Every structure is written in structure tokens, then in C-alpha cells.
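Lettered A, B, C and D in written order, each chain numbered from 1.
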Amino acid sequence: MAVRAAVAGASGYAGGEVLRLLLGHPEVEIGALTGHSNAGQAFGALQPHLLPLADRVLEPTTAEALGGHDVVFLALPHGQSAAVAEQLGDDVLVVDMGADFRLEDAADWERFYGSAHAGTWPYGLPELPGARAALEGSKRIAVPGCYPTAVSLALFPAYAGGLAEPEAVIVAATGTSGAGKALKPHLLGSEVMGSMSPYGVGGGHRHTPEMMQNLGAVAGEPVTVSFTPTLAPMARGILATCSAKAKPGITAEDVRAAYAKAYADEPFVHLLPEGRWPATASVHGSNAVQVQVAYDATAGRVIAISAIDNLTKGTAGGAVQSMNIALGLPEDTGLSTIGVAP
Amino acid sequence: MAVRAAVAGASGYAGGEVLRLLLGHPEVEIGALTGHSNAGQAFGALQPHLLPLADRVLEPTTAEALGGHDVVFLALPHGQSAAVAEQLGDDVLVVDMGADFRLEDAADWERFYGSAHAGTWPYGLPELPGARAALEGSKRIAVPGCYPTAVSLALFPAYAGGLAEPEAVIVAATGTSGAGKALKPHLLGSEVMGSMSPYGVGGGHRHTPEMMQNLGAVAGEPVTVSFTPTLAPMARGILATCSAKAKPGITAEDVRAAYAKAYADEPFVHLLPEGRWPATASVHGSNAVQVQVAYDATAGRVIAISAIDNLTKGTAGGAVQSMNIALGLPEDTGLSTIGVAP
Amino acid sequence: MAVRAAVAGASGYAGGEVLRLLLGHPEVEIGALTGHSNAGQAFGALQPHLLPLADRVLEPTTAEALGGHDVVFLALPHGQSAAVAEQLGDDVLVVDMGADFRLEDAADWERFYGSAHAGTWPYGLPELPGARAALEGSKRIAVPGCYPTAVSLALFPAYAGGLAEPEAVIVAATGTSGAGKALKPHLLGSEVMGSMSPYGVGGGHRHTPEMMQNLGAVAGEPVTVSFTPTLAPMARGILATCSAKAKPGITAEDVRAAYAKAYADEPFVHLLPEGRWPATASVHGSNAVQVQVAYDATAGRVIAISAIDNLTKGTAGGAVQSMNIALGLPEDTGLSTIGVAP
Amino acid sequence: MAVRAAVAGASGYAGGEVLRLLLGHPEVEIGALTGHSNAGQAFGALQPHLLPLADRVLEPTTAEALGGHDVVFLALPHGQSAAVAEQLGDDVLVVDMGADFRLEDAADWERFYGSAHAGTWPYGLPELPGARAALEGSKRIAVPGCYPTAVSLALFPAYAGGLAEPEAVIVAATGTSGAGKALKPHLLGSEVMGSMSPYGVGGGHRHTPEMMQNLGAVAGEPVTVSFTPTLAPMARGILATCSAKAKPGITAEDVRAAYAKAYADEPFVHLLPEGRWPATASVHGSNAVQVQVAYDATAGRVIAISAIDNLTKGTAGGAVQSMNIALGLPEDTGLSTIGVAP
């Protein structure tokens, strides 16, 4: 019996990516595709890479259109998910790819998003301690942000293992799809090709409190995060370069052992052999995470670097992985660790 | 019972791509991976995007290594396939992704490749008239060149329908992976990013006689091809812009009808609705071909444009599609029409 | 005594490029910078690469702002130049980088632009026969389109020399800056990176009649043009691949000789030595044109390829070159043939 | 009377860039162009963007070829500059764009470069305290590394002003030209386009001791540097994201004031207005440095970001700027603060 899935916000990048994955998911049948300003348009004109859906028409995002599905994926602007979710009923699995239900602290939400906090749902990063148990059987999932996914997976073994001081410094490069399809001048091809530039510098990026929440939970103490995102001339991918001072007495072997243990049984996280480093191209279009870690004895820092596809593991792949857990399916159903490279 | 497949030349781009597809093929089990200068190296260092094969080691390309498989894919430099194929026996399906067995005319081969002609094998472009019948049950397959794939699928309905004069003008842009992993200065990232440049201008490209062979066969008369390839700043994709003078009395409706008929039942070729044009990003990583055609009344020309992924439909996807036919499997097994975009 | 220059439309790509060149022009002093929707903004926020103008403020495009200059460059949307030019007086040199005054045939204008024809000004492509004489002392200049610049310089020696049949087939790739700073979804970085796509196929591009006008004038007979533009994943550059059937009896030597003669004394057009081909990276940011030509004996065609920077020689550099001629300055003042590569 | 300049290593990226700048330098006449493996080749085939030098021929790098010039620029592999410099005589200005004479500490050199230390020359980063005085009249100049240029200019005001703790964390993205024209698989266009990847992680990059030397000198105490370089999909540019814990009691105003003071009179360093951030595209091909700084109160860190063109200010532009000082010319002769964008 197929799981029937709808996608709200199907014309954007997150919506397109979850459909790309669901089209290859053996247990899922794709139902309604809804949108806002593009409703009524042929889907083939909106997402020309999804040929099997080319003849579909985008419907408006309404309770009627989204009703009657087993799973509804929400790829909506921040602050709009709660109202839609309320209309869907408690027996429908709602997977929110927006930010609305990620943060536990209402004050954090209000400070970074400027609206009332809608609540907190089970967090869709199964690799974090305790996350799988919370997702099993759940009818609500908050998919993590793309940067928090890359950063948490790069750093949590260091904090879970008590290896690092609670002040992390993170510089991450993202492909432009992370900014969505919004028509902004700085996202034009002419502007981004051949250019690297930072944004949200100095603590202002909305993903910062989510990283602090995740790292603090595994560290057992508050972790301060200095986070600088940069826009890179590529469509997809996040490379997160993360570091923190090592706790006294830590050795390179301690660091390696902690990461090897943390990821020994994870289906999607691949700790690279020593001497090799992640590249975003290697995980292009895949749900894999490539991680490497080093101990810089001169600077006394643990340096952990991860590469993910921001749209796959960073958004839609993480959503499908969490859906699989919630529905009791094998966690990797419909997901791949194979990148499309070169 | 799984089909056991080996890949000779597994460390290059064609070899890597066929492995990417075979890893997702439900009927195939991957056997030996062989190479030349990289033999002995960890496969994870050579093809880091193929995580499930990361712990494999590249073997030397020998009859011993390649023996005992049901299918052997050859991704070797031109001129080396015949010797390897001879050693493999007539009961093994040999799929040659090189040029050695594509051309029917020995003089063409000798003029463009400068060595003795090895022969002609059934041609792995199933969409051409008669091609599927020749592939069924065959133990030898010559996979087409990437440009001839894009060009033949753009133009054959025009020639099959008697719409176009036998002088085609073709300008195609390719991603750099079409040139392979060869260490040449003009293929360095610093040289190709931000630059378009032609090569092999004036009839010198080796794919020209293959295009003439394919188009001439469907036209029923010799077709002259003026072919100019250009190198584009992208890793994958071919956009082939093809045109020819329309035969007298031809209308835009005639053109549209011929293409609609030719591709009505093809699983991988998608004739776009009028007003939409192909983009290589839409077929990135997929076996799909996007085609559009127009009739320019002022210039009196039929203009047909196709977009493919040079590594997938243009090489490894075409190889797997043809293998499926040869083995009696459903033609689209393990293949997708869904691109990885944006 | 400095030439005082104003730029209307200074916040766009053409306006920015003409300012980049004028900042290095020893005879020019930069006056008013005007714009429309961005008026009132700091220029440093609009064109952050033009550091010497960072503290300027964009003024509204009015007769007052533009008055009192020796030269006014117009980088305005099509159809707006005539009204502005009328207000400026006959003693001011007006250089229109838009399309309004390029076409001689009013019917062509109306068919392709859908408004009343404003007239025809001396055409700013000095390399064409007779063009320099028309520009000398002129107070009005129509700067050619970027594609007509590339195509006319690739093909005019073939038509001037009577080498080619009057049916040209042209496929050109352009960088995204050719489409301007307009906020359109298909121009987003996520869409253009890694993708080649055609547009305006089948005779619909507005630059087609301009090419026919230029080539017909030198051929002495009407020349039909089949023109297919494609969008390439780079910010700047045009590579124009142009061909036509050779007239009977033409040899490769005839072709080479005609091009060598045509460009022997041109300061900006460089006919490459045999065996080398143009690349857009080589002319990045420069006013140079790189041209190569071949005779394909099998197809019986002359194939001429040019590379320009669409914003420099294709727009603002051509404008400054023509301004120099109009003002009696050395033609290459403030212009360079040196590209910024790699 | 023109300054006559030779370039050893003229076929590489650094050599080509210094020639690009010297061609526009009003006081310089270009003499010998020498190389190693490419000697005897037409320069137009090696550096096709430098049209005025297209007809030159590359000579072998010998004392004869380099003799008789006022200035000799060395763009040689590490370790080869000393032997060449010795042959040139004390009255010739030798500008070494390699690493040989940058480090003051012989042990640092031996540890990172594995050969005997050749010595220390006046350091060509004029913006550092005391650097201009050392360069004036000097006959030897050690041009800084590209990363140390970007990092030192981002951070030195913080250390000169006593604002930051002596532990800097730096993540920098570079264009691929920073790795030179070496034929290495990971530098192929197919590999770098669409990909971000780190290298030399954990303290191993050779530019680390040079950064520590520069920052320690202005801080008056040893500064530890954790440096992670990453390779970005662009040909040129460095974006350096640098941070350090703020000293106790420091405010955002203190930070801003220190940077404003440090760069008030610098011709090439532009401290951006608050709210704007550097982009490498804005300095493409220019000698400008764009710097911005923020104080992250939550993390307690000073975050300073700089953008340079690695080949211009990061190599050849810095070399010409220093040459100007050494020769008593205005420091900005032949150099520009205007980027080629978009």
C-alpha cells in the first residue's frame, strides 16, 4: 500500500528536491503539488528536470488540495507552516522543511525571526543522540536547517566526546540554491559566478541558535558559535569548516577515535580515511555526508570539516530520511549515498 | 540471478559514470574494477563520489581480472578495445564505450583515428530506426559518441521525415568531462571557468563521420555535416544546436508533426511543448534527452536543439540502456529521466 | 581640457562598464551618474567594483542632471533614448548604447521592437567599411548590439571578399551579463551555473535584422541570417560560431587572404595564427576581438569564429572607441587589447 | 627614461599577471620573457590574452637573457630564486614573487619547505607598519604570499590596536589560479566547477608561518594561527574570513575606529561602509583590497573579512606596488582600484 504524499511549495528548490527523491522512493505515490504565485501553471515549466511530473498542474496551497494524503511536506516561507499544519489533522504526517518548529527556545525564535513561536517538533537529524527515538511514529517532523545539518554532523562527535571547548568557530560556504529562487540582485548568475562573498556576519544568521541548540545538547553545557556563512559560485553544496580549542590533554588519536566511533554505523555519514578531505562535488545530489577531522597541535584546535548537498541531506533528503523513520520504513529507502560527479 | 558486471577503465569519467548507474541497477552486481596507471589504488581516492565502492581496490586491466563476468564495460582509450574484447569470449556481453566499433566505413576510421579498423558492432542508440532489433540478444555493443547521440536525436526525425536538405550545420557546447580526465593545460579549471572556446573546427572532429553515418542512414542519401564543437564552463552536458535548409514546401506543422510522431513512445526522449527550450541542467545526471524544434520561415531552415548529459545518455546511460535491451531486461531498468537540478 | 561625460543608466551592467572604461580614459572627466529606480542610493552599493566612485550618489535621469556635459552615454531600456536625446541639444555628443537608432529600416524596427522607429544614427562599429568616416565629428552615435558586433566582425571579410553565399548560420554563446541586471528566474545563479540553454530560436532575436543589415551592406546583396543565441554559464563574453557555404571555386587560401587583408591594420581585431582558436577568457575586460576562420572542404563552408567581451567591445568599449573617433581623439585612447585572464 | 623589466617564469599565471600590469605601466618597457619547459614557443600561444606580446618568443631562463634590465621579476618554483638572483648583480632590482625570501626564521623555512633557507628580503606588503621605509631604494623585494596578503590586511589593525587575543582562526577561499598552471587532477575544470574543498588542513599550509610572522610583529607578541584554505570554483580571488577573541572590554566602536584609522590613507585598501561586505568579484583584476570588520558580542569575537584578487594584489600587483616604492615612483603607478565586474 503506497504512502500518498503531497508537497506544498512544490515550485521552489526544496519542493523540487523532495519531489526528485520521492519519484524514486518505492513506497511513495505523489499526490498534490501546490504553490502560491505559480498556481495554475504547468509543472513542466516550473521544474523542467522532473520529467515524470511535466504534465501536472500546480494547485493553490489549500486544505482541500493537501487533504487526503498520508504525508504532507511543507516547503513554505518561514512562519506559514503552523497554520497549514493545523488544518491537516493529527493523523497526517507533516514534515516541515521550514524553520518554524526547529527551535526549543521561544525567545531565540522571536529574536531571530521576529514573530510568535509556533512550537517545537521532533527534530529530523537522526544522527544526533536520541533523535531517532523521537522520530519513530511521530506525526510531526521539523527538518533541520542546511547549515545546522552540516555543522552539527561535523562537530557533534567532538562535543559528545568531551574533546572541545564550548566555543566553536564556523565558516561555511554554500551553493546559491540555499538562498532559494527569490529574485534578488545578488543572486543573479552574473553576480555570483566568479565571486565569493560573506553575509549575515557577526552572529546574525538565523541558523546560529539552531547550531547552539544542537551542540549544547550533546556537550552538556552551552556552546557559543561564531558562524560566518559565505556564498560560493556553485548551485549546490555546503562545505562547513568548523573548529574549537581542544580540551587539555587531547591527542590526535582521541579525536580520530571519537569520530570513528560516532559514525561507525551511520548509513549516510562517511568519515573519510586520514589524508583525504571532503569535496561538495562528491555528495552532489546524494544524501551522504563526508566528514574529516584533524588536530592542529600548533594552534591547539580540533578542525572538523563536512560536505553535504544543501538540498539533499541539508533539506529534502533529511526530510525523507526522517519520514522513513517516522513511518517505520528502512531509513535509507529511496535515498542514495552516491554523488553525481564530476 | 544477478548479472555480474566488470568495468575496465573504472577510474575515468565514463567508467565512474557507468558504475554510478550500475550501483542503482537492481539486476546488476558489480565485479572487477580495473585500470591502468592507477591500479593498486583505493577506489575511494579515485572516485570519491561512489561511496559504496570506497573500500575497493583498482585491479590492472587483464583477462584474468575481467574474466568470469556476464557483462564487461570497456572505457578504454581509442584502439584498445579490440584486443581486450577478443580475450573475453563470445558468451560475454562486451559493451564498448570507446569509438573502436562505431564506424561502418573502414576508410573513415583510418582517416580520423589513424589505425586499422577493428570492425563494426551493433550500435547502441536504440532510438534510431532498426537499432533495437540489432541490439536484442547481441553480445557486442558499440556505444555511440556523446556528440553523435545528441545530434542524431536532434535531427533524425527531420531526415526520416524527408523535411531537410542533406547539409546539416551543427554547433554544440559540451561540458569539460567530455574531454576526460586527461591532464591538459586547456582543461584546467582556471582556463575553462568563464570561457567558451571552439576546437576541432572545420571538419576535423572524430565524431563527424559518425553523425554522417547516422543521418545518412535515415535520410536515405548522404548527409554532409558541418560540425563545430565548443568547450563550455560546466562539468557535464551537451547542448546541440542543429539546422538544415527545409525541403521545398515544408511547413512548421510538418516539422512539429514529424518530431511528435518520432518520439511519441520513446521512454527517454522528451519533445518539449512549443515555446519551451532545452537546458542541460534539466538532464544533469539523467538519461533523458530534451528536444525542441522550430521552423525559421525567414531563413528557410529547420532548427532542432537537444540537451543531454554527455556522461549519462551520451555515454554510460546509453550503454546501460543498450545492455538492458541486449539482456532482455526492461529498457529503462536502473535508468532515470529525472535530472539533478538546480 | 577634459571631456565631461555623463552616464544615464549608470547602475546597470552597460552603464557600469562604460564608467569602468571612462575612469581610465585620460581625456574624460566623469560628471553626472543617473538612474531610475535606484536614484538616491550610494553608488558604492550599486557598483562596488568602481571604488573611485563609491561616494557618489545616483541622481534621477533628468535633462537637468544630464545637461552641461560634452558627452552623454545612454544605457536605457529600448525606446527611451529618443526622448532623452532630444532634450540634450545638438552640440552634445550623445552615445546611445540601446537599440533605438541602429536599424535603417523602420519596418524592421517596428516588427522586432513593436514601437515607432526613432531614426538612424551613425553606426558605432568602426571596423565596417565606411563607418569611421560617418563617425568623425558626429554628435550622435548608435552603438551596435553585442551579438551584431561579434557576428559582423566574424563574417564581414567573407562577404566583402565575395567568398560566401548569402545565407549565414550563426550560433552564439553569451555570458549572462548580456541579459542585464533584470530580475528574471532563468538568470538566477542557481539556474545558469552548469547549464547551457538557447533562447529566441527561429529568427525571433532582435539582433537578427541588425546582422542582416551589416552583412548585406558589405555583400552588396541581401544576406539571410539564421541566428540562435545561447546562454552560457559565465558572466561575460560572446563566442560567435558563424558559417556560410563558400562560393564556387573558393580555396582555403582565398579565405585566409581575405581575413588577413581586412584586419591587417585594425587596432582591436586580432586574426589568430592558423591552428589557434579564440576563447572568450582571452578578451575578458578588453576591447579586443579574436577572430579565426577555416574552410571546411567536405562541407563546403567558410567557418568564422569570433570572441569578444560583450560588455567591452560588445557595448561600452565600442561606445568609447566610437566616441574617440567622433571627438578626434586617437581611436584607442583609454582602451586596451589586454584581457584579464585566467 | 623607461625602466626596463624582464620576467622569469613568464608563461605561468604570476608571470602573465605581472606582464598584464607592466603593459599598462607608463614607466616600464618590457624586455626579456623567459621560461623553462616552454622556451622557444610563441608567447601568443602561451598567454593569448596578452595581445601586444603575441609575437614574442619565450627565451630560456639564463643569466644572459635576464641581464641588462633594471628590474627582474622572478616567478619561479620555490627554491630557485636565490641562484638566479645571485647572477643578476646588486644594482638590479630583483622582485621575487616566490616564497624564498619571505620568512625571517630559518627553522620555519626548513620545516615548511624542506630546503636550506636562502635569506630574508624587504617584505613587499607596504601597508604593514614600517614596510614602506624598508622598500624605498631597496634592490631586493620578497613579494608576500597571496593568503598572507589577504589575512594580514584583514587582521593587522586588530592586532596593532591591541583589540584581539593572539589566537586567530582563518578560513580562506581561493580561486584555482592560486594553485598555478600545474597539471594536477584535482585542478581540472571538471573537478573544481561546482565544488568547494579544503586542503592543507591542520596547520600544514606553507603560508601559515608567514601569517604568524606578520601578525606577531604588529601584535608585539606571538600570534597563533589556525589556517584552513579551501579551493573555490572560480579562477581568481581570495575571500579571507578571519576572527579572534576580543580582548576584554573591547566594543564594536573600538574595532571600527581601529580599522578606520589604519586604512584612512591607504590607496588600495578600502574599508567598506558598515552593512556592506566584500566580494571577490568587486576586486577582480584590480589591486584593491576590500575589508570589513564586525564585533560579534555573543561569541566575543572580532571578525574581519577581506577580498583580494590573488593574482593582482595577492601577487603581481603587490609586486608592482612595491617596485614603484623601491624605484621612487608614485606608489599607484600602473595600478588600479577598479575591478572588472560583473
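Going forward, contacts are C-beta pairs under 8 Å (C-beta built on N, C-alpha and C of every residue); 3 or more make two chains touch, one makes a residue touch a chain.
Since the structure is predicted, the reported quantities are computational estimates derived from the model, not experimental observations.
The chain with its C-alpha centre at the largest distance from the centre of subunit A is C.
Residue-numbered contact pairs of A-D overlap by over half with those of B-C, the repeat interface among B-C, A-B or B-D.
The distance from the centre of subunit C to the centre of subunit D, each centre being the mean of the chain's C-alpha atoms, comes to 35 Å. The mean-CA centres of subunit A and subunit C are about 45 angstrom from one another, to the nearest whole unit.
Shared interface positions of subunit D, i.e. residues touching 2 or more other chains, are given as 13, 175, 177, 188, 190-191, 193-194, 233-236, 279, 281-282, 284, 342.
Contact residues on subunit B toward subunit A in their complex (touch as defined above): 13, 16, 20, 23-24, 42, 44-45, 47-52, 54, 177, 193-194, 235-236, 270, 273, 276, 279, 281-286, 288, 290, 336-342. Of all residues in subunit B, only 13, 175-177, 181, 183-185, 187-194, 233-235 touch subunit D in the complex they form. Residues 167, 169, 171, 173, 175, 188, 190-191, 193-199, 201-203, 224-226, 228, 230, 232-237, 239, 241, 243, 245, 277-282, 284, 292, 294-301, 303, 305, 307, 342 of subunit B are the ones that touch subunit C when the two sit in their complex.
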